[in-house]
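Once you scroll down, you'll see the structures, which are given as structure tokens.
In the two complexes below, chain A is the common chain; its partner is chain B in one and chain C in the other.
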Partner chain A sequence: MNVVRRLLLVRAGAAALALGLLAPIRALAAWSKDAFAAKKADDALKSLGASGAEPSKDIVIEAPQIAENGAVVPIEIASTVPGTTSIAVLIEKNPYPLAGKFDFMEGALPFVKLNVKMAETSEVRVVASAGGKHYVATREIKVTIGGCGG
Partner chain B sequence: MRRREFLRLLALAAAAGATLRPRASEAQAASELYDAPPFGDVSLLHFTDTHAQLLPVHFREPSVNLGIGEAAGRPPHLVGEALLKRFGIAPGGAAAHAFTYLDFEAAARRFGKVGGFAHLATLVKRLRASRPHALLLDGGDTWQGSATSLWTKGADMIGAQKLLGVDLMTAHWEFTFGAERVKQAEKELAPVELLAQNVKTADFEDPVFKPYALRMVNGVPVAIIGQAFPYTPIAHPRYFVPDWTFGIQEPRLQKLVDETRARGARAVVLLSHNGMDVDLKLASRVRGIDAILGGHTHDGVPAPIVVSNGGAKTLVTNAGSNGKFLGVLDLEVKGNRVADYRYRLLPVFAGLLPADAQMAAYIEKVRAPYRAKLEEKLAVTEGLLYRRGNFTGSFDQLILDALIEAKGAEIAFSPGFRWGTTLLPGEAITLEHVMDQTAITYAYSTLNELTGAQIKAILEDVADNLFNPDPYFQQGGDMVRVGGMTYAIDPLANIGARIFDLRVDGLPIRPARRYKVAGWAPVAEGASGEPVWDVLARYLRDRKTLAPARLNLPRVVGVEGNPGIAR
Partner chain C sequence: MAAGPMKMRATLMGGVTDVRVLMTHPMETEQQTKGAPYFIQNVTVKVNGKTVVEGQISQAVSRNPVFSFRLKGGAKGDKIEVSWLDNKGESNKTEAAVA
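After this line comes the complex of A and B, so read on.
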């Protein structure tokens, strides 16, 4: 099953690239240096032109409640906001909060999965943009020293 | 019959709700307690968190088990009289002794020891006689907690589980034998199946264990889904299971519930090692589970808590620890739903259930190679020795004293485990008892230099794992025990503000000063040190007699009126 799945994943990735769904060129062109260099989540969002997002239940964040390893925290995001064109992921307490920004061509499913690094317990803020409007969902992920389980 | 014995039996009969007939024989008392009439179509027998206690033990329930936020004043966060009142249990009887710490020493002498696999086996056989179709479910924490389970890497317990006729299990401490041993043990377990829907490989998210079993019980298809302890790689060293990832995994669980229903399951049960608070929250969010048979937090809860969810109801139970209890859940299934139920959490009184000969012989055999070593008498205790409780236990104080002396430390830390058996005043402490408190696969004792700020941060971190108002952030376990220092705690405050007034020798701890801190059970990779059982055994051998321990309890504020703390 592993091998088959790996192949499928590889092929899916290749297909996505071939179809231009991930639009690497465009992503590079849109690289927002200021946003990624910002030291506050709000500043990063301002640079992205995504301030003043309104809370939405149409953004689902799947992540561990407590990180098993702060160096690799898996976060899965799906947006059902119609016409989602981008998803930005911000870890509030990280030195550089903006962990990633993903742009979606029309027809691409607004779904991303990424691993982030977290030094301490933090809110994770996800901002989805659609039709010039911005929507936000948050989730706290705890980073603990561990030990002492019953 | 001696008067004391007669009173004991009367109390047992009373606990079972029986009329107090004179001349009640022991068999009658047992019959009234244990001959639970069958009900409905489907029966599930459930035990959990035995912590490898093959022989009968004493186990003192906590006098402090605080609930915070929504959990305040709600089961399982009731102790002593508050618990008895909530569940309508008469004080002074056998049931009151089983479920509370009240008058512990006298009650323990009166009602005798609890648990033991040979006595549990007798009870299981007795219930199976009236419920031949019953499934026997083991909630995990079965392979850890004793010398023999540590030394045989769980093999002694696997043999006992098979002999007992366990059908399905899930796991927690089992994982601390390492991934390789768990996968090998899984084969030795057959036909017992280890279920865990929430363990997957870290790379491609493939399932590591079978997530559920669909069994025909008395003609009714029943799904049992396994839920391993979600925080295994956080509460224990990550290196034991480096390639596996855990977590609560609600969406996947919902999918599996729906899948089992689609495959024809008419009752769906979660065999859970989440801990009771997590299970209560989970029951309110995941739909379609009829019952959650829970463990981990060692709460002996006499009746299920019924959680409403989307028009349906989920029963949530917790079946205590150390082999003290056997849960009996009888379900009446009509159509595709559970229409009615009966639940009992039966205390396993070794004195009322004769040892099953086959199991007794098995236990004798697995202990034989270690017997002489286990029975070495190290010292006699003058006080009651126990562990369970939110803040400290007298056995922990002993470990802390031993660590401070052995390491020349100013301060000592000992993990707030909830396992560890109880010894009565006047009993000899054997090496086996020392192992009952310390038998883990990473029992290294350590000495570190920590700043005052780091000490506070550690206490804050552990307190947040215990008192976070959101159950999904609670790992189970109790507050780290401390020696050589004092502190105050406000459990209702937020992380960073709970712990204050930290002192050593009466002087405030200085944030920048470094302190010598002894401890054990480090989770970091590459840790080493003398096993803590050697440290403790040496301390005891040097003394012969131990005066009652002084409990180093923190000053607890903000919990006035909370029925989770004894007054």
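After this line comes the complex of A and C, so read on.
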């Protein structure tokens, strides 16, 4: 093996390594198309790799019991499961249940408050992921006027 | 209605920074648009240039989205940046210093 060839191989290896390192960073900014296109909450969670969550009291969902306007339903979620890195919000009876998924990095608390649209009265399922395990809490919100058709 | 300006407030209280942000966006569903939904897909929160929250959202988020996030600690003057990217490739961002 001559020197030039060896150098080229070393560079190729370095380039491959760099690509491998960059790939997950790019994946972060992506949008989980398949999970958002799922029509059942379980399928969305499977697509996110968050199936088989166990019930937890360490996920708190603050929301109205009855939402008069399904177009704007405020939901506040906080997880005190140690090491929570991700929270997914699913509205079981919406045409596409997955409403959002939030990844929290060092510096952020596993907390989010947002307004969602609800087509009809439904369970809202929140799945928190921590250390490769998944935890779930649910809450029913009654909707008087649906908010998806507009 | 088109996408437009953002508003943000970041307040430090009791060792936690509360970030509230409003985005102007129609967030139209498939049903509303007869198959051409128009909505924000990605929301990113940065503190002093470092990403701390990466959110992916769907058309089920209400029109003119309002989010609250909470940051551990922080100091007055820290620079918070929130940006969004929608499914048509439009984006916007806003900055505020923690007060």
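Convention: the second predicted complex is superposed on the first by the 114 of 150 C-alpha atoms of A that agree within 3 Å, B and C clash if a C-alpha of one lies under 4 Å from a C-alpha of the other, contacts with A are read in each partner's own complex, and residues count from 1 in each chain.
The criterion applied here is as follows: contacts are C-beta pairs under 8 Å (C-beta built on N, C-alpha and C of every residue); 3 or more make two chains touch, one makes a residue touch a chain.
Every value quoted in this text rests on a predicted model; they were computed, and no experiment measured them.
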First (chain B), second (chain C), both or neither touched by A:Gly107: second
May I ask you to decide whether A:Val116 touches chain B, chain C, both, or neither, giving the answer as first, second, both or neither? second
On the superposed three-chain arrangement, identify whether chain B or chain C touches more chain A residues. C
With both complexes superposed on chain A, which partner does A:Phe36 reach: first (chain B), second (chain C), both or neither? second
Both chain B and chain C contact which residues of chain A? 147-150
List of chain A residues in touch with chain C within their complex: 28-29, 31-32, 36, 71-73, 76, 91, 94-96, 98-109, 111-118, 147-150
Considering only the defined contacts, which chain A positions touch chain B in the complex? 1-2, 5-6, 62, 64-69, 74, 121, 142, 144-150
Contacts from chain C onto chain A in the complex sit at residues 16, 28-32, 41-42, 44-45, 47, 50-63, 65-73, 85, 87
Touching residues on chain B, where the partner in the complex is chain A: 172, 204, 206, 229-236, 238, 245-248, 251, 275, 296-298, 415-419, 457-458, 461-462, 464-465, 472-473, 475-478, 480, 495, 521-523
